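In the two assemblies presented below, chain A is common to both, partnered first by chain B and then by chain C.
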Partner chain A sequence: MRLLTTREAVPLLLVAAIAAVLPLLGSDYYLGVGFILFGWIALAQSWTVVSGLAGYISLGHVVFAGIGGYVLVLTWGAVPVWAGALLGALAAGLFALLVGLPVLRVRGPYFVILTFGLAEFAKYVVINIENALGRFGRLILGGPPLETLYWAMAALALAGTLAVVAIRRLRLGAGLVAIREDELAADTIGVPTVRFKLFAFALSALLPGFVGALFVLRTGYFEPAQAFDPVISFTIVTMAIVGGSADARGPVFGALFLVALSELLWSNFPQVYMIVLGALLVGFVLFAPNGVAGLFERRRAAAAAPAGG
Partner chain B sequence: MRKFVGALAISALAAAAWASPAAAAEVKIGYSIAKTGLFAPAAPSQINAYNLWAEQVNARGGLDIGGKERRKVTLIQYDDQSNPGNAVKIYEKLITQDKVDLLLSPWGTPHHFAIASVLERHKFPMIGSTASSVQLRNMKPGNIWFTTAAVADKLATAMVGLLQSAGVKSVAVLTNQLPFGQENKKFLMPALKAAGIKVLVDADYPPNIKDMTAILVKVKAANPDGVIGLAYPGDSILYINKAREVGIAAKFQYLLVGPAIGFFRGMFKGAADGIVTLGHWSPHGDNARSKAFYAAYKKKFKQEPDYLDSVEAWVSVEILEQAVAKAGLDKDKLRQAISTGTFDTIIGKVRFDGVQNAVTPTGFLQIQKGELHVVWPKDRQTAPLAPKTGWK
Partner chain C sequence: MEILLSGQLLVAALIIGSIYGLVALGLNLIYGTMRLLNIAHGDLVMIGAYTGYWLFTLAAVSPVLAMLAAGALAGLTGAALYFGLFRRQLAGSQPIERIEANSLLIFFGISIVIQNLTALAFTASPRTYQALDTLVRIGEVSIAQSRLVALAVCLGLSAAIVLFLRFSALGLSIRALIQHRTASRIVGIDVDRVQAFSFVLGFALAGLAGTLIGVTEQISPFMGFPFTIVAFVVIILGGLGNLAGGIAAGMVLGLIETYGVALTSANLRSVLIYGVFILVLVLRPEGLLQRRRLT
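Our next item is the complex of A and B:
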């Protein structure tokens, strides 16, 4: 077995190269864009573990980021920043373990709706807790500098990409793909489906917990409706679809594409951005269901095919 | 005549273009505002005030920079879609990419609150306007100030004074779950209790509420002397519609934010008469700046300014202009000038103690015969408080 195949090396090198180049541009603005880009890559890679590999489409992945962010603000000042972020990630993973067992019993559209509902439920629980505590949004003054956050987020993006590459090579990955193709058959031939699904779900929650904590440190502001904003979940799914989701390339392509698009459009034409996003989503689903990664694949296959064949 | 004015404008433009290579670059001033979404009804009040100011400054020959030179101003505006998270991104972008010289404030407490840490990180002073937060005040940030006298703890005391003067013994408290409403409630409830005013209905509702009937039916059944609606513009409109329909007969009816906006009175005509709201400015006083502002606003926009939001936005630019005239564009000097100076504004002298306006007393306005009057505090009254008598 080669150390890394092309489809494994491309996303890893791409993330590393972007991480190395952006700081050379010498502007906080580009570091900020890079920070967001790596955040999305980490989120989309995490989502791929459970939704791309195992085919359980989660429409509520923001809940893990929200939990991570909430734990960070709750522990702010009580523990060091890195410990707060780590606790946020662990809390998100623990939450996934707890709700995973009942939630992963349902499949298909029911799972999609359930994850969405769960995220909204968590959002309103936190809103009510905060109101009861008399806290109407929380501020973090004096968080770590942007460069620190940038490198931390780049590391998370790389970790997420590496995780998807590694999982695909492991029995776990093969098992998850088997679950996606036919869960009953997978169960019959001895894939520990419950254990694999639960493990994948918890794993796919850890990084988002971390990302959510870093998001809060970056904006210096936590407010539940923001931290649990369902649009974050939708964006993750859009990135996966645009990128093509079955391996580590998809999330990187998808995030790159959408972040570039959003930087070009959102500040000056926020409404146009949403229209373009919607049109893209429809376009990709109809004409390029395997996303940007699929388009590359098709061109390569066409080039390799014998003439007339 | 019109042709002549047009020709004059064109030649003025040509002259400006001719002169511009020699003149210094324009002062870039950025802000974001809710042009779309939940808070969009409130935004024009503030945008108008900013535009009017920029126009007047440029007509005066530009912004006085530290008494050394005058430079024209140009406003850079983004739509934050009523999303505080977007405001954070936009202010970050204004500072790091657009490299603006000065910042104006967005609309509303959630947005001011959200961008406070961006301002701190970049040590970029910004004078707030349509917002206040006790929570933020307690954190003692150094780069944001609130022009308003409407701070939740001071408001609670003033409200109890107003209620007692009106002989209100029982109230219903209806609260929007947004921070400003919630913070008001937090200070109001204990103040009501201490004053012996009974709370017969206590209901919270989500910011994007679509129907208030259930809550208002409860209020009608309880029949309190007063209704205190800690509302934002959207739900203030909803309240008037539904309270009229249900027939709320309380003699004192208060809506926190909304009734001061110009279109509100036009929208409801006589039905809005008697509604009390937040505000401490009226054009009826004898402040010359105030009269000039009122006349210029009305002339340009063919409507009255919003007695709350246009006024706060205007006060914020008045202060900014005076601080820049004194300190120039250097951030440290500007911060120093704002936090230590005393400024002439349309609400009188303003000086800051920490983030808070230390001078202007907290007040309330009431709609009377389609006009807004200051009814509290008593020594600033332009008309005495009148009971609300039906919905006409």
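Our next item is the complex of A and C:
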């Protein structure tokens, strides 16, 4: 087996190259864009683990980022910053483990709407807790500088990409794909479906927890409606679908494309940006369900096929 | 304690329940006949609410008439989506599970598009308006006229649709389609026509209910999602294709919400609704699946 196949090397090198180049441009603007881009890549790769490979589509992935951010502000001042972010990631993973057992029993479309409901539920619970505490948004002062956050987020994006590449090579990856194709059959031939699903779900929650904590550190502000905003889940799904969620390339392509689009449109025409996103999601699901990565594949296959065949 | 026993609260619960029942009826029709999970259902409620708002504000049209316009507008949206996007999907050879999963993502995208188009046109700021707000006294209970209208319309329409499904040829075809797609085609039902009709009717009902909701609730481009969730809870509780059961389930949810909020606080309303939603799905997803295995 080769050390890395092209489809594995492309996303890893792309992330590494972008991470290396952006700081050379010497402006905080590019660091800020890079920070966001890597955040989305990490989120979309995490989503791919459970939704792309295992086919359990989550429309509520923001819940893990929200938990990560919330744990960070709760532990702010009590523990060192990075310990707080790590705790946020662990809390998100633990949450996934706890709710995963009952939630992952629900299959297909019911799982999908359940994830959305679960994220909204968590949002309102946190809103009510904060209201009861008399806190309406929390400020965080004296977080790490942008450059540090940038490198941390780049590391998360690389870790997420590496994780998807690695999982696809492991028995776990094969098992998850088998679950996606036919869960009953996978179960019958001995794939430990319950354990694999739960493991994948918890794994796909860890990085988002970390990313959520970093997002809070960057804005210096935590507000539940914002930290648990369903638009974040929607963006993750759109990125992964537009890029393609069969392997590690898709999330990178999707995040690059959507972040570029967002830089063009978001600040002046936020609604137009969202409308384009919605239209992209509909269009790709209907006409190119394997995303941009799938389109590349198709062109290559067409070029390799003998003429007229 | 005293307030819990008052007729006022019971009537409030019945009104909310009847609205939920009607909203869910549309979702049930579309899911039942086509296995399309319309996550944008609540956004049609929103469209209906805006229709009522603008007709009243600009032309002083009573919500009672505006709701017909809202139903027509939502129905047209439904027709455009059915013939533009979904007809081909349904006619294709894809397995039903694939269509179900894809429909969720497609409607998710449509929902975002509708919400943001509305926000673009009318800004994102919430609006309210005062119509039909004279209080009517019935014995101990006093109700705003608008809520009384909502109760009457929702119950009346729900009953009418149940009768329609039971006694008209088209209604029977819809029920046949809910029970078994392939068999309905074999016995000569024009599946495409029945699907188009159910799709448009489902959308129209949501739009119509939206006008009634908009009279008493804050209207904003993003008001729809809670109604989608509510509708899902109701059709899971009531059972797929069981339209009468859905109406009863709407009442149950109305009671749970009203008394739950009265016992705790209005802030907890969303927690309560989503909590019920999660419990129902985790404990009893078969409720929704009951007759699904037939296809």
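Just so it is clear, the second predicted complex is superposed on the first by the 309 of 309 C-alpha atoms of A that agree within 3 Å, B and C clash if a C-alpha of one lies under 4 Å from a C-alpha of the other, contacts with A are read in each partner's own complex, and residues count from 1 in each chain.
The rule is short, and it goes like this: contacts are C-beta pairs under 8 Å (C-beta built on N, C-alpha and C of every residue); 3 or more make two chains touch, one makes a residue touch a chain.
All figures in this text were calculated on a predicted structure; none of them were measured in a lab.
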First, second, both or neither for A:Val106, with chain B first and chain C second: second
Broader residue contact with chain A after superposition on the shared chain, chain B or chain C: C
Which of chain B and chain C A:Phe121 touches, first, second, both or neither: second
Touching partner for A:Asp229 - first (chain B), second (chain C), both, neither: first
Partner chain(s) touched by A:Ala279 [first = chain B, second = chain C, both, neither]: second
First, second, both or neither for A:Leu59, with chain B first and chain C second: second
Partner chain in contact with A:Asn131 - chain B first, chain C second, else both or neither: both
Which superposed partner A:Thr219 touches (first chain B, second chain C, both, neither): first
Contacts of A:Ile241 with chain B and chain C, given as first, second, both or neither: second
First, second, both or neither for A:Gln271, with chain B first and chain C second: both
Doubly contacted residues of chain A, that is, touched by chain B and again by chain C: 127, 131, 271
Residues on chain C engaged by chain A in the complex (per definition of touch): 37, 39, 85, 89, 97, 100-106, 108-113, 115-117, 119-120, 225, 229, 232, 267-268, 270-271, 274-275, 277-278, 281-282, 285, 288
Sites on chain B touched by chain A in the complex: 36, 78-79, 81, 83-86, 88-90, 92-93, 96-97, 110, 113-118, 120-121, 133, 135-136, 139, 141, 177-180, 182-183, 186, 204
Parts of chain A lying in touch with chain C, wherever the complex brings them together: 57, 59, 102-103, 105-110, 112-114, 116-118, 120-121, 124-125, 127-128, 131, 230, 234, 237-238, 241, 271-272, 274-275, 277-282, 285-286, 289
Of all residues in chain A, those that touch chain B in their complex: 27-29, 32, 127, 131, 134-137, 139-143, 219-221, 223, 226, 229, 266-268, 270-271
